[in-house]
Each structure stands twice: as structure tokens, then as C-alpha cells.
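These are the structures in question, set out in turn.
The following pair of complexes shares a single chain, subunit A, combined with subunit B in the former and subunit C in the latter.
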Partner chain A sequence: MQLLEQLAAALREGEDERTAELTRAAVAAGIAPRDILDSGLVAGMNVVGSQFRDGDIFLPEVLLAARAMYAGLAILKPLLVKDNIPSLGRVVIGTVQGDLHDIGKNLVGIMLRGAGFDVIDLGNDVAPERFVDTALKENCGAIGLSALLTTTMPGMKRVVELLQQRNARQQVKVVIGGAPVTPEYCREIGADGYAFDAAAAVDKVRELLSK
Partner chain B sequence: MAWIGCPRSPVGEITRFRPADCLPAAEDILRAEGMPEPGAVPETTQALIDRARHLFLDTAQPIAVHADITTYEFGWVFAGEGRNAPDAPLAGIYPKAAHLGLFACTVGAELTETISRLFEQHDYALAYVLDAAASAGAERLADLAEQAWRAGLPATDPPEPLALLRYSPGYCGWHVTGQRRLFEYLLPADAGITLRESCLMEPLKSVSGVCVLGPASIHVFKNGFGFCAECRNPSCRARIAGLGKES
Partner chain C sequence: MKPLAARISAGETLLADGALGSLLMERGLAPGAPPETFCLERPEVLADIVRQYNAAGAEVFQANTFGASSLKLARHNLADRAGEIYCRAIEIVREAVGSDGYVWASVGPTGRLLRPYGDTESTEVYSSFLEQARALVSAGPDIIAVETMTDLAEACLAVKAVREASRDIFLVATMTFESRKRGFFTVMGNTVGQCARELLEAGADLVGTNCGNGIEKMVAIAGELRAATDRPLVIRPNAGLPELRAGRTVYPETPDFMAARLPDLLDLGLAIIGGCCGTTPAHTRAFRTALDRHDRA
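And then the complex of A and B:
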């Protein structure tokens, strides 16, 4: 177990090469891939998320840890697939139609993957129909919508309406965020959750998909 | 007054700047992202900022275009598509201005492409810090564009104690669709800046608006408008507070 603690510590420090090295060592030591993921990588990332929420560290450190997470996941993923271990859930994300700003959406994708979710990133300027089509086709439990402009926010409402029209409103949760988005707007359009930042988006998706 | 079409457009004056002219300071990048002063952030973050500033110097292509505009003509631009907030402060400010100038500026497309490439390469932290540096650099460039416009105005003797502030579509009740008429008048495509259907500028790290030069008192307005609740960049307070410091 000391190896997994070292792995979690390397990830917290954002040391991607060391994280990859320790992940390989854990596999070689015969530790189950799921345990390496949960007790090493995800455990380290959870501490990072908690420190970020508490204001003890800032986004660049979170992103360095996320890169380290990817380095470890790249080694573990083939083993997890081989063992048929399911992910925490599948989420489709994107920036709504008419909006090119994607840094916030990118951060959410990085942190969702880091937390163990499968993420389908549709990019920016995404039509409402494409979000819903993808969510249903790919069996996603949630759609994450980002907007930076007030003029593009109606695209979020349209996604909720489309899900209702296709009788998929209970099946697919909708989480929204971005600079002009507020909890009030979330309630107004009937979305399932509002996230102030990327860390909150992960918490909200985890909460909604565990219900 | 009924507007029929775009007033005759002058040829905007294009100014190219060196990347170093608008390179943001480390503390500006940190402040914009809500982080503490340089000495109070981890060494890893400081190193990222240093790398981002070097990348900025290597890839930024700062350029600005500006043009004088009369009060009458700006009335046409500001009216836009009729979607401004009824209490937009600029409606009461610009008619009192001594001089008005439209501007648009960008730190260039290569910088945005570099940010995207870093994300694709999973170099998230550097991509994020470079994005913040590009945003801060675009604001510095807008300051330079303001100065370039002001430098071209006729001098008065004695110098008039006038204050200059800029206002942009999408802020303070000036609806973002106001970009369309601003672009129609200024024609910043010559400087490589274009407008998408959604009124977003390309390259993404661009700033546009109107420079309003006049007595400091015309710029003073209280916040608390309906649109202030949605504003995530309430720099107006600091800018108004700083008016007394310039002449």
C-alpha cells in the first residue's frame, strides 16, 4: 500500500513521469488495476480537488496533477478495459452553439476524466441537437453545457427541451456552467445542476449519476 | 432620427505593435485569475507563468485599428439592432464627449492556436496560463490602441483636462449585437479581425469598442443596473475610480 500512497503523492505534486513510473511499478507488483486507480490516482486527485476548493492551491497545480493523472491512466486503461471494469459514467460536454470559448469546458473535461468518468468532448459551437443525439447514442448519463456569453445561453434551455421531447429527461442529467450562468438560470430552464467551476462540476456530476 | 444605412466609413488607421509592448506582467496574469502575488504562489506556477510569457513573446502578433467617429455617426453605431438596455450608461455619456474613436485590436491567431495545441498535447497547465496571459495581453493592447488614437487628436493649448475611458459591446448595457455596426463602420478585417454570426470576434483574443474622451464627470455612473448582476468583469468601478488620476 505504501506504493499507492507514493503514487497519490506523486500525482498531487503534478509529477507526471514519476506518476507513470509508480503506476508501472504497482502493476508489476501485482496490485489490481482498480485498486491502483481508486487508491492511487483517484485518491490523489480527490485530495487535489479538496485543496483547490479550500483555496490552498490554484488551478495551475490542479492541471499539473491532471496531467499526471493522464500519465497514470494511459498505463492503466488497457488493463481496466481488459478486466471489463466500468467507468463511473459517461458524460458528453461542449460549449453551446455560437460560443467559441472553450477553456472552462476543457477544464471540466480534464477534471471529469481525472475523477474516473468517460468524457465525450464535442468541442465548441455545438448545436443542441448534437448534444442530445450524442448523449442518447452513446448512452451518456449526463450532458455538461458551458457558455461564456449571455446571448448563447438559450442553447442550454433548448437542450433541456429536446431531452423532454425525446422522453429522455430522467435518463440524461444536464449540468450547466460558465461565466454568465447562475443557479437561478439553472432553475429557470429546468437543468439538473449548476456548477460554479470545474471542481464543482465534477462533484455535481458525481452526485447526479450516483442517484 | 431615422438611420438609413452606415454613415460613410473613414479608413481606419492600423498600428502594429511589438509583442513586448503588450506583454502582461506576471502579477497581472495572477490577478486576472484570482491568484495571489508572484511571491505567494508555488514555484511550479511561477515557472508556468515565465514559460507562458516567453510563448507570448514568440507567438503574439499585436495589431490595432482605430478611427475617429462623430457623435452623430456613433449614434448610429450605438443604436445597433435596438437591443441595448434602456438605461445603458453610454447612451448618456457619448453625447457629452469631446472626441470619440472606434477601435479593435487583437493579439493574433497564432497565440490562440498555440493554446489549443497545448491542450491537445495535454499540457493543460501551460495552456491555461497562456490563455490567461493572452487575455491580459489583449487588455494591455487595448490600452495601447486607446493611446494611439488619443495621440492622433489635435492638441489644444492649454491642454484640456479630459479623461478617456473605453466601452465595449456586451458590457454596461450595450448589447453584444452592437458589434455588427461597429465592424461595419470600422472595417477591422484589414487588421485581420472578423466577426462571427454570434458576434464573437476572431481571433478570439481581441477587444473592440469606443474610446470616449471628455470631462471626467461624464464617465461617472453608479452600478446596480439589471445588467450589472450578470457582469463577471466589473472593472468599471476601478476605471471610474482612476479617472481623477489622469488629465
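And then the complex of A and C:
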């Protein structure tokens, strides 16, 4: 298990090459890919998330850790598929129309993938129709919406309304987040969940999709 | 009109205008659309805003060039019109205020993340800033303001680019800070003192802060800046942080609330006080009154 602790530490330090190396070593040592993911990569990323929330580290450290996470995931993904580990579900994410911010949304994508979800990332400045069309066509259980501006937040409301119009409000859950977004706003527009940060977004999606 | 630098060295505090972007949104700028198109398509709206701030007592006016780097304009297929946008933006302000005010041309962030955290080379960002700075300098503003920067490395590139374009242009650089558990930092983790020192070293005449905070936190940040430099500061608070109430963006700090706390800022020694997001000509008017009263005291 020492190997997985080293892996988590390499990810926390944002060392992508070392993270890839240790992921390969863990695979070679016969550790199950799911354990490498959960006790190595995700464990490391969870620490990064809480240190960021506490103000002990800043965006650069988080971005480097995210890149290390990708390096490890790239090695594990084919093995997880081969082991036939079922996906926890499919989630479409993106930043709402008019909003060009994507750092927070990218972190949510990484954390969701790490947690075992299939993620379709539509990028930033995404029209409400595209979220809903994609969710229905790709059979997604949830839509994750990010906004960094109060002026673009109404795009979240439009996604919820559009799902209602298409009679898909029950089958597709909506989770929202971003600096100006609040739990009150979530209630006001009738979304299913508010997430304060990327880790909370994963918890919320997991909770909603296991219902 | 006396040169701006002379008034600042004589210890005067100049009043700059307030928000532009949030007022443009009220006048029909769509979220995500480039505000710079107003220079080309609706100059009368920009002129009207400048006249309102002038009537409220401001004497430094921003030209609408915040997002006009070629890197950022490229997103909207406007990169080849950058030079035209700068000239128009500055002309619009000059025409609206005549000899009543100074024009400051804004240089905002490129919206890219520098390597190793993002995928953009610093040379690419530098040449975008240099091109912007050369065009701005030739359009003839009184001040260039590198502003709303959240990455000190990017801000220093902008400052150096402006300095390469002109050794003489009056150059201010202001960062946006966040309040964290252990104090104020940029998103990238730069401290207030580190920002002040490095921006001055890069060639800024004055440093300060704008955006991201209401007036009370700005007083605290200005205190940290004061500890890092002897030069007078440039401070532009938001009218608080925006909230969405019943579908409308609302900035909570009223003109009276902000003006009541202005003396705390002025006591720290300011060269320029103005407003950022959510402030309006009403805030500028309240600032004018508070500033005049402070000057007399």
C-alpha cells in the first residue's frame, strides 16, 4: 500500500511524470486498477481539494495536480474498461452560455472521471439546448452546470426549463456551481443540487444518481 | 490642464470614474459579447457614460479597451480591428470630456493561463501585450492601466510590454485579490506585497488594486500595499460582490456606504480613487463629496 501513498503524494505535488510512473508500477505490482484509482489518484486529489478550500494552496498547485491526475487516468482507463468495471453513470458538464470560464468546470470533470463517471465535457459558452440535447441523446443521468458571472447564471434556469418542456425533468438531474451561485439560487430555479466545489459536485452527482 | 504626473507628485488624489462593463450590460451588452464592439457600433453610449461620470465629478476616464488584446479579440474575430478599436475608444472619451479630464486606457488579462499551469507560452502573451501597448501609446492616452490582473506573471509581462512601447507613458498596474483564510492573495497565490514590489520593478509608476472586493476589504488590501511601497496607491473597489436577485444582478454597496468608508482609504495615501464593477455615477458623486471634504480637513 506504500506504493499508493507515494502515488497520492506525487499527485499532490503535481508531478505528472512521477504520477504516471508510479501508476505503472502499481499496475505491475498487481494492485487492482480500481484500488489504484481510489486509494492513489483520487485520495491525492481529495487532499488537494481540501487544501485549496482551506486556502493552504492556490490555483497553480491545483492545476498541476489535475494534470498529474490525467497522466495517471490515461494509464488506468483502458484497464478499468478491460476489467469491466461498470460506469457509475454518464454526466454532461459545461460552463453556461456567455461564460468563458472553465477552470472550475475542468476540475469537476476530472473529479467525476476519477470517481468512476463517464463525462461528456461540452466546454464553455454552451447553449441550454446543447446541454439538454446531449443529455437526452447520450443518455446522461445528470447535467453539471458552471457559471462564474451573475449575468450568465440565468442560463442555468433555462436548462431546467428546457428539461421540463421535453418531459425529461425526472430522468435528468441538474447540479449547479460556481462562485456567484448559491443554494438559494438552486432552490429558486428548481435545480436538484448545489455544489460548493468540485469534490462536493461529485458527492452530489453520486447521491442523485444512486436514488 | 496640468499634467497628471505633476498633480500626483504634488500629493493630490484624483477621482477616476466607476464601472463601465456593468453599465454596458444594462444598455444591452450581451453576456460573453465583447464590450469593445461598442467603440465601433454604439459610440454614443460610451460617450454618454463618460459625460455622466464627468458631471458626477470624475476627472480620470477609462477608454473602453479592457479586453482589446489581439489574443482576446481573436475569440470574436475582431483581432484585425484592434488598432481601430483603441483609437476610437480614446477619441470617444476625449470628445466627450474635452480638456476636463485625463484618459486612461485599460489593459486587461488575456484570459489565457501561462505555462506550466496552462497551455500558453509567455512569449505569445508578451507579443500580444506589446502589440496592444504600441497601438494604445500611439492613440495617445494620458495613462495606461494594466488592471484586473489575477496572475502576477501575466501582469508583469503586460507592464514590461507597455514599458517597451513607451518609456514615458504614465503606467499604473492594479491586481485583483481574494480574501482567503490566511489573508489576501491573487488566485495564483501571489501576496499583496509581492505584487507591489514586482510590478514596480517591472516598470509600473504606481500600483494598486481593483475589482473583486467591496470597500472594506479594499481598505485592508491598501494597508498591505502601503507596507510594501511609499508611492501613492491606485484603488478601485467594487460596489461589493454581485448577487443575482429575482433575475437581476445587484451590487449591494450603496454610494453612501462606500463614501462613508472612503476616508480610511484616503488616509493611506492615494493617487487615484475610482470605482470598479457595480459602481455608478451616483457612487462617483458620493466619492467626490467625500474626497473634497477630506482634502479640506
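By definition in this document, the second predicted complex is superposed on the first by the 164 of 211 C-alpha atoms of A that agree within 3 Å, B and C clash if a C-alpha of one lies under 4 Å from a C-alpha of the other, contacts with A are read in each partner's own complex, and residues count from 1 in each chain.
Throughout what follows, contacts are C-beta pairs under 8 Å (C-beta built on N, C-alpha and C of every residue); 3 or more make two chains touch, one makes a residue touch a chain.
Computed from a prediction, not measured in an experiment: that's the story for all the values here.
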Partner chain(s) touched by A:Pro154 [first = subunit B, second = subunit C, both, neither]: second
Partner chain(s) touched by A:Gln6 [first = subunit B, second = subunit C, both, neither]: neither
Partner chain in contact with A:Thr19 - subunit B first, subunit C second, else both or neither: neither
Touched partner set for A:Tyr70, first subunit B, second subunit C, both or neither: first
Which superposed partner A:Leu107 touches (first subunit B, second subunit C, both, neither): first
First, second, both or neither for A:Asp54, with subunit B first and subunit C second: second
Set of subunit A residues, in rising order, touched by both subunit B and subunit C: 57-61, 63-64, 97-100, 103, 125, 149-152, 180, 182
Residues on subunit A engaged by subunit C in the complex (per definition of touch): 54-61, 63-64, 97-100, 103, 125, 149-154, 180, 182, 185
In the complex, subunit C residues that touch subunit A: 25, 30-33, 75, 111, 113, 116-118, 180-182, 185-189, 241-244, 247, 249
Subunit B - residues contacting subunit A, complex: 33-35, 41-42, 44-45, 48, 115, 119, 122-125, 127-129, 131, 170, 176-177, 196-200, 202, 204, 230, 232
Residues of subunit A that touch subunit B when the two form their complex: 14, 57-61, 63-64, 66-67, 70, 97-101, 103, 106-107, 110, 125, 149-152, 179-180, 182
